[in-house]
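Chain IDs A, B, C, D and E follow the sequence of writing; residue 1 opens each chain.
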Amino acid sequence: MLKIKGLDKRFLVNGREVVALQNIDLDVKKGEFITIVGHSGCGKSTLLKIIAGLQSQDVGTITCHDRQILGPGTDRGMVFQEHRLLPWLTIRENVGFGLQGIDRKEKERLVEDHLRLVQLEGFGDAYPKQLSGGMAQRAAIARGLVNNPEVLLLDEPFGALDALTRIQMQKEVLRIWEEEKTTMILVTHDIDEAIYLGQRIVVMSARPGEIKAVIPVESSNAKDRGSTEFASIKKRVLRHFFAEEEWAAVEYAI
Amino acid sequence: MLKIKGLDKRFLVNGREVVALQNIDLDVKKGEFITIVGHSGCGKSTLLKIIAGLQSQDVGTITCHDRQILGPGTDRGMVFQEHRLLPWLTIRENVGFGLQGIDRKEKERLVEDHLRLVQLEGFGDAYPKQLSGGMAQRAAIARGLVNNPEVLLLDEPFGALDALTRIQMQKEVLRIWEEEKTTMILVTHDIDEAIYLGQRIVVMSARPGEIKAVIPVESSNAKDRGSTEFASIKKRVLRHFFAEEEWAAVEYAI
Amino acid sequence: MALFTPAILPSMDRVFKSFVEMAASGQLAEDVLVSLSRVVKGYVVAVALGVVMGTFMGMSDFLHNFFSLTLNAIRQIPILAWIPLIILWFGIGEESKIAVIVLGAYFPVLVNTISGIRQTPQGYVEVARLYRLSRWTVFRKVYLPSALPQIFVGMKLGLGISWVAVVASELIAASAGIGFRISDARSLMQADVVIVGMIVIGVLGLLMDKALSLVFHKATPWTR
Amino acid sequence: MALFTPAILPSMDRVFKSFVEMAASGQLAEDVLVSLSRVVKGYVVAVALGVVMGTFMGMSDFLHNFFSLTLNAIRQIPILAWIPLIILWFGIGEESKIAVIVLGAYFPVLVNTISGIRQTPQGYVEVARLYRLSRWTVFRKVYLPSALPQIFVGMKLGLGISWVAVVASELIAASAGIGFRISDARSLMQADVVIVGMIVIGVLGLLMDKALSLVFHKATPWTR
Amino acid sequence: GLGENVPADNPAVQGTASAKPLVLGYPIAGVDFIGGVAGLARELGYLDEELEKAGYAISYQGFSGAGPAVNEALAGGEIDFAVYADFPGIVLQSQGVETRLLTVTNEVMHAGIVVGPDSPIGGIADLKGKKIAFPKGTYVQKYLLQSLEAYGLGQKDVELVNMTTDAESALFTGAIDAVAHVDGFVARIAYGEAGGRIIHTTRENEDWTGSIILLARREYAEENPEAETAFLEALARAKAYAKENPEEVYALFGEKEKLSPEAVRHLHNLDDSRFDYYPLELNAKGLAKLEANMAFLLEEGLIRNDFDVAAWNR
């Protein structure tokens, strides 16, 4: 449903050109779960924002259901890398921010459900600045989920979460993906997470930001963190991160 | 050198009291490397800010070199959970922000060195909004390191970094710690990281935020991610995160 | 040079006596009520116009470019020079007096509103765009709260200028009002009355300013 | 009612003819120079005072509480009412005219500066506190750049008000100046001269406003 | 041989080092011209000459803010002499600012009532129920009230509107029906482009006219009697010149006041070029008028204290 073809994106930083994305090709099927990993600054967030319709590419086309993406649409939701909670809305209002045109009662129910889901019951009336970093990130996840969009773009959504909360959130996202058949594109730095969640893992390289490899996670066996498939996929992904000479040293540490 | 005794901190959130910290006791020796792990919202950032002198406790005392901490001091540096780069300063100016009273040449050299250290050469003249999330975080790390304070407080400094950059940064921090004998207190969600870096791991529990356990990482053997000591310490830490009934299910996934 | 000439700066005693006299005769209350009603009417119109126009100009580059030249030029032109035209368009009744106050109070509100709206962090606007909220909702939920502190500054300044403008407005055919009283007393060298007028306006303005601050405080719970 | 009465709103033709005459005689240039010099002097003083006081009041709660009541009261008091006192304190020379302009332009700068400084995100101030930077450095590196957009709004408004105040100031003993010319033409019923004066002030003010915008643009590269 | 219009904004720079400064203030109504005999004395250079002889450097300061502004400057010690209408002078003295009346320079300052060109109003009697603008606190107020009364109209029969500069705008837009104002203003409308009709003037009854006085700060006057003498001498020379060269004087007035010849004749040719309405001395007639004006101001509540007019000159 999502077709990206020959995407280029450059930024001007102090007169110098920074190539954020170069020649990106990617087809995402409906209901697929894609994870993206790559070096810091390689253009992952930029790619997500272009898909969301918040930025425009310099070159290339990107279509959703065969229609050019020219701007944001309610079919695509996004959780930003920074939480972007509106400081003047309470957590409850922030979570319900994008919910429009539905019954007030229904809206309240949905918001409460999602607050519970991200374990923020009791903080509905707090303002963003009264939350810890991880709590704010969870509120942002709730805001992204509550709208139930067809495509959900998640930019390092669990980065500020502790191990336990993270596992719980991962499970919730998987559950929603299975139940709602949402197409998910998730950026992460945690390779375990990328394998655990993704059906395909997109590995990107930095400056210019290109797609180095797309690694499928086929058998459900591979989702098992103890399995050899898991370990072998992890190795394949990591391999792309390191230069030959480093690899030997790092391999062992994994 | 750093003595924390009976610290309590409460916040008012919408008229309701939230106990962020309760009865925190902790002694940190000079040159020690402490890592703190705990649930999201358990008070880790609050504790760091109190040590930095940016917030004040409700109850309890905290001394550094036997002198009460009443405000910030140049002996203590901090890297915040949010990067807090000043939007109107270039990355170079941001990194050199706290460097005062030293020779201009020397300052320039130090800043350039640290930009290289966090792999931001070439972005010295960029403004923060032109950086990716991970790049901004690295700039903030450079700002924290460049002042070479006696005590360095790091609040999830590597949260937004990819695997490779993360490993490199961890190594740099360890190198600086060894060379400069800086006292380090680092908050992280990555338990591997906590074990790899810390001499002692402080495990905190949420609401009220208390210290549940302090786990020493004694033998240098334990730093080896492949060793059984590493695995056993990891288990000990994780154990504190999960309730009995969850533990069985999770244990396996690690 | 004398810093205190009783003919211009009378003793506090004398000022107080005048105040008591003016208050007792009921004249002060009448003047205050007349001017207050003008200030309130003009101010409300100025705030409404300023916030609405400012919002449109802040949110739309097209409208900004379209209007800003004209409005910026008008903004510089002295109120006193406008008075003949105001008489032409609004006559010499209440409308003309209110028009003068609007002319004075409008621009601080407008300029501050435009600036406040334009400084809304793009990150938040993007969130609203993401959800394809209507322009009105984006305004209500993103631009307005973000610009509120600065709009409020404009409203504070506008309120002050309303009181400043009331004197100019009451130079047009007025027979009551605190501004008229001050001009009248000035031409009759009644310094005590001038000072009473200044103090009354100062105190009244201060009270309204405080009231505004209170409303603002209530309206922005997240800043606390 | 007629919207255009030639005696009040003359034809553009006539206005243009007047403009050419005034320009040719050199009177216009003299008037403009005289008023411009007053505006520039008064404006510079107002901005300096406003930014300095505003910074102090924005950064220190004590100073804010100490001064704000008085200043807020003074802010409401009409300029015209101050004129006798200004004559008493500053005489009838240039100082008094500049004082009137300062009185007008000071408050927009002050109020906007205070608000801008006070809205500086605490997170950034904390970073500065962490490094125990001197108050001056904190001001220069944190408060000032953060408040700059709003200070700039105050400066824009202050500039406009300077031109508005120049007419009031030239009601005090003046024999040249564009404000004087307007008042004069008003009593002579020379509507064309009034309009020329308005246009000249509008254009001049606009140019200065644009210059200010340019300076601001240059001074805030990070907003681009 | 007309004197140069010296820049008046900065009195301090004028005169030689030894000469004592004398600052003369006067109201400006549109043109920077003192008007009347004092204006003539200045333009002819007599004032500068006479005062220089007496050791003074005179400078001139016009006030667009008219009488009140002149009063503020006198009270603040910024000017030393003033030539203006008797009303603001009386107001100032009555407020306890110590002044000295030096002379009456003009004892018949006329005023009039003007209506729009197409107005059906023909005379004061037609003003019943109409809106009339007038400048409050000037001799026009006295004229208007007294002439209305003379035609059987009380304050309740008309709608009086206080307006100073912008009365003409209001008249042209029809916001008001008539303007009562000083002679110059009335002439400016009547002889101006838009036109207008004078329906009445104080020429009907001299009691309704005002007068122009020369006033000094008492302190200055007492310390500088030579200045007063020289000043009066200059005025006397100007009056003599006017008697001999009336046409030149009318032309000068026309040029300075930016008025047409018809308007100048209406305003200044009051006694077949004898110029006796510039008395330049304090006679019984002048004092009686000042007394009457002070009484009017008191009665209308425009001043709160009276004073001894006869002693004002001493």
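Everything below uses one rule, namely that contacts are C-beta pairs under 8 Å (C-beta built on N, C-alpha and C of every residue); 3 or more make two chains touch, one makes a residue touch a chain.
In this text, all values refer to a predicted model and were calculated from it rather than measured experimentally.
Colleague: Which chains lie in contact with each of chain C and chain D?
Modeller: E
Colleague: Greatest Cα-centroid separation from chain B: which chain?
Modeller: Farthest by centroid: E.
Colleague: My parser should flag the chain pair with the most contacts; which pair should that be?
Modeller: If you count contacting C-beta pairs, the leading pair is C-D.
Colleague: Hey, how far is the Cα centre of chain A from the one of chain B, in Å?
Modeller: That pair's centroid distance is 25 Å.
Colleague: How many angstrom lie between the centres of chain B and chain D, each centre taken as the mean Cα position?
Modeller: 50
Colleague: How big is the gap, in whole Å, between where the Cα atoms of chain D centre and where those of chain E centre?
Modeller: Whole-Å distance between the two chain centres: 35.
Colleague: Just how far, in Å, is the C-alpha centre of chain C from the one of chain B?
Modeller: The separation of the two C-alpha centroids amounts to 51 Å.
Colleague: Which chain C residues touch at least two other chains?
Modeller: Expected reply: 1-2, 5, 8, 83-84, 87-88, 91, 186, 191.
Colleague: Quick one: which residues in chain E touch 2 or more of the other chains?
Modeller: In chain E, 72, 75-76, 165-166, 169, 172-173 touch at least two other chains.
Colleague: So which stretches of chain B touch two or more other chains?
Modeller: In chain B, 82 touch at least two other chains.
Colleague: Every pair of chains that touch: which are they?
Modeller: Result for touching pairs of chains: A-B, A-C, B-D, C-D, C-E, D-E.
Colleague: Within their complex, state which residues of chain C touch chain A.
Modeller: 123-124, 126-133, 137, 141-142, 145-146, 148, 220-222
Colleague: Can you tell me which positions in chain E touch chain D when the two form their complex?
Modeller: That would be residues 7-12, 25, 28-32, 61-65, 69, 72-73, 75-76, 78-79, 165-166, 168-169, 172-174, 185, 188-189, 192-194, 258 of chain E.
Colleague: Using the touch definition up top, name the residues of chain D that touch chain C in the complex.
Modeller: 1-3, 5, 8-9, 69, 72-85, 87-89, 91, 107-108, 111-112, 115, 119, 149-150, 152-153, 156-157, 159-160, 163-168, 179, 182-183, 186, 191, 194, 197-198, 201-206, 209
Colleague: So in the complex, which bits of chain A are touching chain C?
Modeller: 52, 54, 71-74, 76-78, 80, 82, 84, 86-89, 97-98, 100, 127, 129, 147
Colleague: Considering only the defined contacts, which chain B positions touch chain A in the complex?
Modeller: That would be residues 11, 13-14, 16, 37-41, 44-46, 81-82, 122-123, 125-126, 130-135, 137-138, 156, 159-167, 189, 191, 225-226, 238, 241-242, 250, 252-254 of chain B.
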